[in-house]
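Right, one structure below, let's go through it.
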Amino acid sequence: MTLPETIPLLGFGWDDLLFMILAGVMLGAALLVVTMKDIIRCGLAMIVSFAALAGLYVLAGATVVAAAQVLVYIGAISVLILFAIMLTQTKAGPSSLVFQTQAFPAAIAAAILALLIAIVIAATDWGDTAKRIVTPVRDLARSLFTDFILPFEIVSVLLLSAVIGGVFLAKRERGGND
Amino acid sequence: MHLLPSLLFAATEATPISAVDHGLYPLLISLIPLLPILGFAFTALFGRRLMARWGRGAAEIVPVGIVIAIWVIALMVIVPALSHAEPFGEQGLEFKLWTWIPAGSFQVDLGFHVDALTAVLLLVVTTIGMLVHVYSIGYTAHDRATWRFFAYLNLFMFSMLVLVLASSWVLVFAGWELVGLSSYLLIGFWYHKRSAALAAKKAFIVNRVGDVGFALGIMAIFVNTGTMNIQESLAKLIAPGAVLTIPLGVVALLVFAGAMGKSAQFPLHVWLPDAMEGPTPVSALIHAATMVNAGVYLIARANPLFAHAQEAMVLVAAIGIFTAIFAASIAFTQTDIKRVLAYSTLSQLGYMFAALGVGAFVPAIFHLMTHGFFKGLLFLGSGSVIHAVHEEQDMNRMGALWRKIPITHATMLIGTIAIAGIPPLAGFFSKDEILGEAFKFGFGWVWAIGLVVAVMTAFYMWRLMGKTFYGESRVDPAVEPNIHESPWQMTLPLVLLAIPSIGLGAILGGQVFAGGTGLLAGWLEPVFKDSERVLHGTPEAFQLAGIDGILVLVSVAAAALGLAAGLALFGWGRRRVRQDRVDAISNANGATRFLYRASLNKWWFDDLNDLLFIRIGGRVAAAMWWFDRTIVDGAVNAVGLVTQDAGGGLRRIQTGRVQNYALGIAIGLIVMAGSFLLIVGQPR
Amino acid sequence: MLGALDGLSRSLDAYLVLAGVLFAIGSFGFLARRNAISMLMSIELMVNAVNLAIIAFGAFDPRLNPNASVIALIVMASAAAEATVGLAIVIAIYRNRKTPLVDEYDAMRQ
Amino acid sequence: MTTPGLVTLVTFLPLLGAVLIAFLPSGRPQLVRYAALGVALAAWVVSLVMLVGFVASDYSIQFAESAPWIPMFGIKYAVGVDGLSLALVVLTTTLTWISILASFGPIQNRVKEYMISFLILEVGMIGVFVARDLFLFYIFWELVLVPMYLIIGIWGGKNRIYATIKFVLYTLVGSLLMLVAILATAFTYQHAQGSWADAFDVAVLTKAAAGGMFNGTFGFLAFGAFFLAFAIKVPMFPFHTWLPDAHVEAPTAGSVILAGVLLKLGGYGFIRFALPLFPEAAHTWAPLIIVLSLIGIIYGAIVALVQPDLKKLVAYSSVSHMGFVTLGIFVFQEQGLQGAMLQMINHGLITGALFLLVGIIYERMHDRTIAKMGGLGSRMPVYSAAFGFFIFASVGLPGLSGFVGEFLTLLGTFVVSPAAGAVATFVMIFAAGYLLWMFQRLAFGELSEFLSGLGSHITDMKPIEALTLVPLGALVVIFGLFPGLVLNLVAGSVDATLRAVGVAAGG
Amino acid sequence: MIANDAVLLAPIIVSILLAAAILAIDFALPGRKVPALAVTIGGLTLLGAVILLTGNGTAFETQGLDGPVHAYVVDPLTTFLQVLFVVIVALTVVFAPDYLEERGLPVAEFAAVLVFAMTGAMVIASSADLLVLFLGLELMVLPGYMLAGYHKTDGYSTEGAIKYFLLGSFSSAIFLFGLAFIWGLTGTTNIAEVYAKLNEIANGAAALSPGLGMGLAFLMTGVAFKIAAVPFHYWTPDAYQGSPTPVTGYLSVGPKIGAFALIIRLFGDTLGPLAADWNIVIMVLAALTMTLGNLVALTQDNVKRMLGYSSIAHTGYMLVGFAAYGQGQQLGLEGLLFYAAAYSFMNLGAFAVIAAVQKRRGVTSNLSTFAGLIRREPVLGIMMTLFLLSLTGIPPTAGFFGKFYVILAAVNAGGWLTVLAVLTMLNAAVAAFYYLRLVVYMWMREPQTEMPALRHGRLVWAGLAVTTVLTIALGLVPGVLLDIVQGAAAAATKLGG
């Protein structure tokens, strides 16, 4: 059986509906991330937001990326949260003040930024972007290992250096401060 | 050409001394200034040691000897020069040692020019110079560093001779400044006396005021003629149809300004009385007989220039005669014997300028000579008096000296009569010629004032005599017993100067009464004839029975009147000063009282200068310095401070808080995005 | 009127605007939060916004299609690397300062 | 490409010496002193050799050397001297050894650094005078700053650091703008020629300038930059305020060099670079510069009248005297220019000597307040005599060198504009005023109680001190009687400059 | 093909291997500095050789090659920059040990991390692909963050690090966003192709699309942050002051010049067609940067912080050169490159001296520390003076010729750039004040507390000698470097004025 092209009463497609929901969730969660008091909740909200984002990727036909998003971020972020808890639980719990004194100007700046970007996007002619394309995994793999072999290698080096440095910095040092 | 050779070259081509056409005269003439400067150098360098080793005599022998030597040499030059003999002739002898300033189109020769006028001055300068040197030996007998004194005197002789001999304006100016220097040094000889130091400085600076004028005059002459040689430039200046960038009158006045400075004409007279702080021989030599005459010489030298700028001449006459009466009025009440003589000098110089102004050049020079001798005599005499009463200069603390120092008294009496203008002494002839010619050339006012001055002169001179020599003694009792006549080195010059003070006038100008032309006039005739022709055509003959006779009588009467008044008030022999009458007259009424005070305070001129140049001038300078520190430098420092503060303010944006930084970046981002959108949006 | 929303999911602009807004939210968080961890998370949001944009481009522009995903992946990786270092540093400073509140790290200023 | 010759030798000999001295043990100051003196004397001798070998009648650049340096921009190591350069080089070498000699007593700590700085300073100064390439010139120009900065800053008086920083910054501002102008000039040339070859060669650029290449607005602005740099160095009113501070704080020898040579760099720069490169602009700017010079002449003299400090007084007198230099240059008239050049030499000798004399008294009193002085005539007769001599030289007494330069400058000015000449001439009075006032306060009167308080410290000049003054005095007399020596030497430079600004000689 | 690529990629590969080798050594002989240093320096020498061999005479030969090397280019510019980076790192490695050991910090990791950073910079210099460019940037700055916090037990060091890191990643995100837009609009990450595309757009009569404009804005912001241009400079003073002194030296030079390499590749080679659009912004940035940097530096009492601000000012000077380049003056790029070289040597030297003075723990970098240095350690003092004079731009030093070059270019470009040149000179005068202030302390002030002279390792002396010689040589005979920078600049894409 097939669904109608557009949803009755609403007058737009299912995928549009899906898009709106995902977008809503993502933005909402993101807002929570930056506004909630308890840092742990922030972390959770971020996971939600990123999950929704993954959904959007799927909607955009980039399934592989979506998968990677789930793996990397959910994974990485959970680690992040753990660290966060480990760190900030010790002293005075979640701090009294969430926001910096300059939160208000910050909000204005962010708003302007959003507005600017939106206007620009609207004003720009992006050429022929009629239909949506689904990325076939094979092409992806090929381009990753032919055209993008060099970036790929460099990223690995990047990660290596990051790990080394991270380990060094995070390693607990015997001997007090000076 | 290579440089060092060029120097040698300059020297050789500049010394045609070996040239035969002029014979030995260039050498002799060159020696006249050369010897004194050598004497100066020698004495300045070794005088101290010589004196320490072998006493003062050793230090004095060289300078004095040199001056005597140049007197002899000068005579060898003067005689033929006056008689217009070869190689001098009527034009005079001129030669060049080397090119002093070879500045492209501006060439200044270091050379000399000797004609009759020069010779006359040479005569005065060397003669009186020599006598003063001799006199100084005695005068400075108990002074510490006499070697310095004689060195300075030699330096002065050098400077004065350069001034007189110079063939180029710039060289005249050089001598001009150098006499200023030597007078500075000599006035300040007793440098530990503050008053002396101040007087020296004042003399130099006031002279400089005149020098500015002179310097500008020289430049103007160069602009007009393109040469610095005196004779050439004068010829070019008055050449018919000469195109002058700067009018003759201006040039003449600028030169005259220089003359005013040196000859202390009103209002630049202020330095001369103060100059009396110097040793008396200096006053006699520099401030009576020689240097102060330089102005007169300068104008006489430039007579063609003035003759063609008669508007300037009138001013010369006016300033001259005014100075004469002005100074005389002050001389009335001064009590310092040397100051009285100083003001009298001013007054006589005024006469000379008046003479120049009316175009009576010969009488001017004539008076210059006679005055040189008798005023020199009077100064040296006053020095002898001061010496006798132990450096006391106030006439109120003298009196009744005529017995104690007879020679001094006698000679000074001669000088007084001479300056008063009583025939047949020297002063009479010269002064009478001046007044007479002033009258005849139609300067009645000059003549009238001159006459008044004659009366005044006779009067205050007798006042000096009376207060000093006659009446009862007011000398400090402590000094009284050991008053004594001065040593021979001092009295001899007095005697030697007394002789010309008596006879010189008759010898040089007496011939006119015999219906001839004066000897001096004959000598100077080639120098002045053109100018005199321009000014008053051919002079009519002297008629004793006519106008000239009357003028002579009048002026003699004036002199006599003055003397009589003096005798009446200030006595003679044992007859004492009638102070009561003096006071009575000076306090007669408001006018007299005012005049008395004015005379006593020198018409408040020193106070005026003090106000103008010390008080106000000082304030101005201080204000300018404040301006320099606060405004000019302040601006500079302000720039620095502002920059610093800007930095101090800007560093505040570095709050140390990441979020502030981030916000800054975000704002920067927005601004940049905005501007880029603007840029990109522009149609191209 | 809701029909205006038709084809929303098929228009590049929608995705891009979404990305833009996410980016803005992220930057707000970065500017406004005091906690270092929160700031890290905000940065992650921003990076993801970029990724979203990239994917969107890929999804609608055939020329960009395969590369988009690759680039997105690589960006993710680099973001991860950044996060690693970041956390290491946070830990280090926490050891010294005993607080995660960044606005208290102002020993150096002006 | 020519082989290194005398000019290179005289320029870099001091540098060599400095390097050698750097290896001497700093524990043996006396050795260091004599080494430095030896080097300076050697340089002096070389400069004298050049003087002998110089052909005054040949107006071209002599002892010229040239070697490619940075070919990419046509920058060359090009040096050579004409009359003016040579005269100033000799002045520099002379004053340097005199200053070093004069530092034997006063400088007791860090002798080594001191002597090294001094020799490097000499390198810079000579370099400026001999450089024939704009880039090279600029390098030497800046090189002068550093050692002077150290000399004032380390061995100076109480307020030395303020003074030295002021000196450096002030000078730097000017010279940096000049650098921009230099580059712009070179670029303009390169643009016209299409190649960088010779783009910094002064002679070539001068030719181009004669062709009107640098006329118009560009020339006007570029000249402005040059003017600023040189005017600050000279220094002209109102850029002069660094000078009194620097002089007051600098050690004696520093003041001598500062007044004797550094100020000349400005005047030299005007004559050698500013005028020939931008003749048109020079004429445009001339009125302003003449007015500033007149102000400087009178203003400096009047302010000098009320100075309480010996060095400050002499410093302000320098402002006044250097005004003559700029005045003489910018009337574009033969006598004026000759006078300016002569005045540069004379001022170097006379003011140098005056600072030496001030230093001598400072050695004894450790004070320079004129008010505290008095009566030295009896206590230090020889010293007082020497002081008097140079005072009158500075007053411009005929027969001493000061007169001729001053008179020629005034004459030149008068010829061009009688009014300006008249104004300037009045400084004769002020000069006499402040100098005689100082001399009177110093030498005349009774010994001041401050001095008598110092008692036996007040001794007359030592032979070594006299030795530093004798050569200067001799030169002052010689140049006074035979100014032709200098005038013939610089005739070529005068001629060249006049032609550059398009005035026929003798005009 | 791959072989050829391998040859071209040799420098990168070697440097990665070098980093690995250092770590290996450290695992083998933990905590031993000598072998680690030996390996590092030896390796760096080798690397230099490799770069020179690879780069020898190759310019854009990569056109013919397909595959990964599309993303990679070797031309004289690459070679010059890579060699410069190697030298910088080598010098840093030479200067660091004394300082690190005293504070018980391991040398090996330091070297390794440094080499990673260098690799990043080298990638930037040689990348022909925007993505590679970005990754190179990341690879350059990430180790930078760690180095800043390398003295992890020190509050200042870590504070500087976190500030640097947070703002850095913030700016990276911004940069990335811009990159995405450019990519989206041009459809490729290959620099040459982007250039071609933009050329079409720029030559098209229509106005440029807003998206492009915003992309430019974001890119410019990101880059401006990396070179610490005002108003994106905030991290610089704090990070510089906090970091261990040798690291500060490196940070003030390596990442800055790396970022300039990025600018050259990105704005020159990639966005060249839009030069007319972005150049105005560059000029404004230049003016702001040098002025603020100098003004604030005036009032600093901490030498490291002062030099931090001064490095901001120097960014401004270099930007002037780039602006001239944007105006079509190849001289500008040459000037920029020369200045970069000169600046690296004199600045590294200066920081090396500071590090040496601070060798003992707890010695602050306040001005007072330097009082009377000339008496305490004359050689150090004289060298420092030289470096400071060079930074001021007093001839005959490298710094002077660098300024000379940049100004020359600016003057040639004419127009507003002439004004900029004048402004630069005024700034130089202002800068002279604070540089000389330090000289005043070293030469003319007496130390409050008597400090003993320290002994410094041979390496430090050697490094200082090298920097000194280079600082003077580049001023006296700049000719040697001129041809090189000319070649390098010629390799970059020409921009129509």
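Letters A, B, C, D and E name the chains as they come in the text, with residue numbers starting at 1 for each one.
In this section, a contact is a pair of C-beta atoms (placed from the backbone, for glycine too) under 8 Å apart; a residue touches a chain by one contact, two chains touch by 3 or more.
Since the model is a prediction, treat every value here as computed from it, not as a measurement.
*Asks:* Chain by chain, through touching neighbours only, how many steps does the shortest route from chain B to chain C take?
*Replies:* Between chain B and chain C, the shortest chain-hopping route counts 1.
*Asks:* Could you run down the chains that neighbour chain A and chain E together?
*Replies:* B, C
*Asks:* Per-chain C-alpha centres versus the global one: which chain is nearest?
*Replies:* Taking the mean of all protein C-alpha atoms as reference, the closest chain is D.
*Asks:* Using C-alpha centroids, which chain lies at the maximum separation from chain B?
*Replies:* The most remote chain is A.
*Asks:* Considering only C-beta pairs in contact, identify the chain pair with the most of them.
*Replies:* Chains A-C share more contact pairs than any other pair.
*Asks:* Using the average of all C-alpha atoms in each chain as its centre, how far is it in Å between chain A and chain D?
*Replies:* 72
*Asks:* Suppose each chain is reduced to the average of its Cα coordinates; what separation in Å results between chain D and chain E?
*Replies:* 43
*Asks:* Taking each chain's centre as the mean of its CA atoms, how far is chain C from chain E in angstrom?
*Replies:* 28
*Asks:* Provide the C-alpha centroid distance between chain A and chain B, rounded to the nearest whole angstrom.
*Replies:* For chain A versus chain B, the centre distance works out to 104 Å.
*Asks:* Would you please write down the residue numbers of chain A that are in contact with two or more other chains?
*Replies:* Each of 100, 102, 106, 109-110, 113, 116-117, 120-121, 126, 147-148, 151, 155, 158, 161-162, 165-166, 168-169, 177 in chain A touches at least two other chains.
*Asks:* Counting only residues that touch at least 2 other chains, which ones in chain D make the list?
*Replies:* Counting only residues that touch two or more other chains, chain D contributes 169.
*Asks:* Which residues does chain E have that touch at least 2 chains other than itself?
*Replies:* 131, 135, 138, 142, 145-146, 149, 152-155, 162-163, 166, 170, 174, 184, 209-210, 212-214, 237-238, 433
*Asks:* Hey, which chains are touching each other here?
*Replies:* Chain pairs that touch: A-B, A-C, A-E, B-C, B-D, B-E, C-E, D-E.
*Asks:* Which bits of chain B are touching chain A when the two form their complex?
*Replies:* Residue positions touching the partner: 657, 659-660, 663, 666-667, 669-670, 673-674, 677.
*Asks:* Show me the residue ranges of chain B that touch chain C in the complex, using the header's touch definition.
*Replies:* Contact set of chain B toward chain C: 651-652, 654-659, 662-663, 666.
*Asks:* Quick check: in the complex, which residue numbers of chain A touch chain E?
*Replies:* Those in contact with chain E are residues 116-117, 119-121, 123-126, 146-151, 154-155, 157-158, 160-162, 164-166, 168-169, 173, 175-178.
*Asks:* Where on chain D is chain E touching in the complex?
*Replies:* Touch list, chain D to chain E: 69-73, 113, 138-139, 142-143, 145-146, 149-150, 153-154, 160-161, 164-165, 168-169, 172-173, 176-177, 179-180, 183-184, 186-187.
*Asks:* What does chain C use to touch chain A in their complex?
*Replies:* Checking each residue of chain C against chain A gives 2-3, 5-18, 20-29, 31-35, 37-38, 40-42, 44-45, 48, 51-52, 55-56, 58-62, 65-74, 76-78, 80-85, 87-92, 94-96, 98-101, 103.
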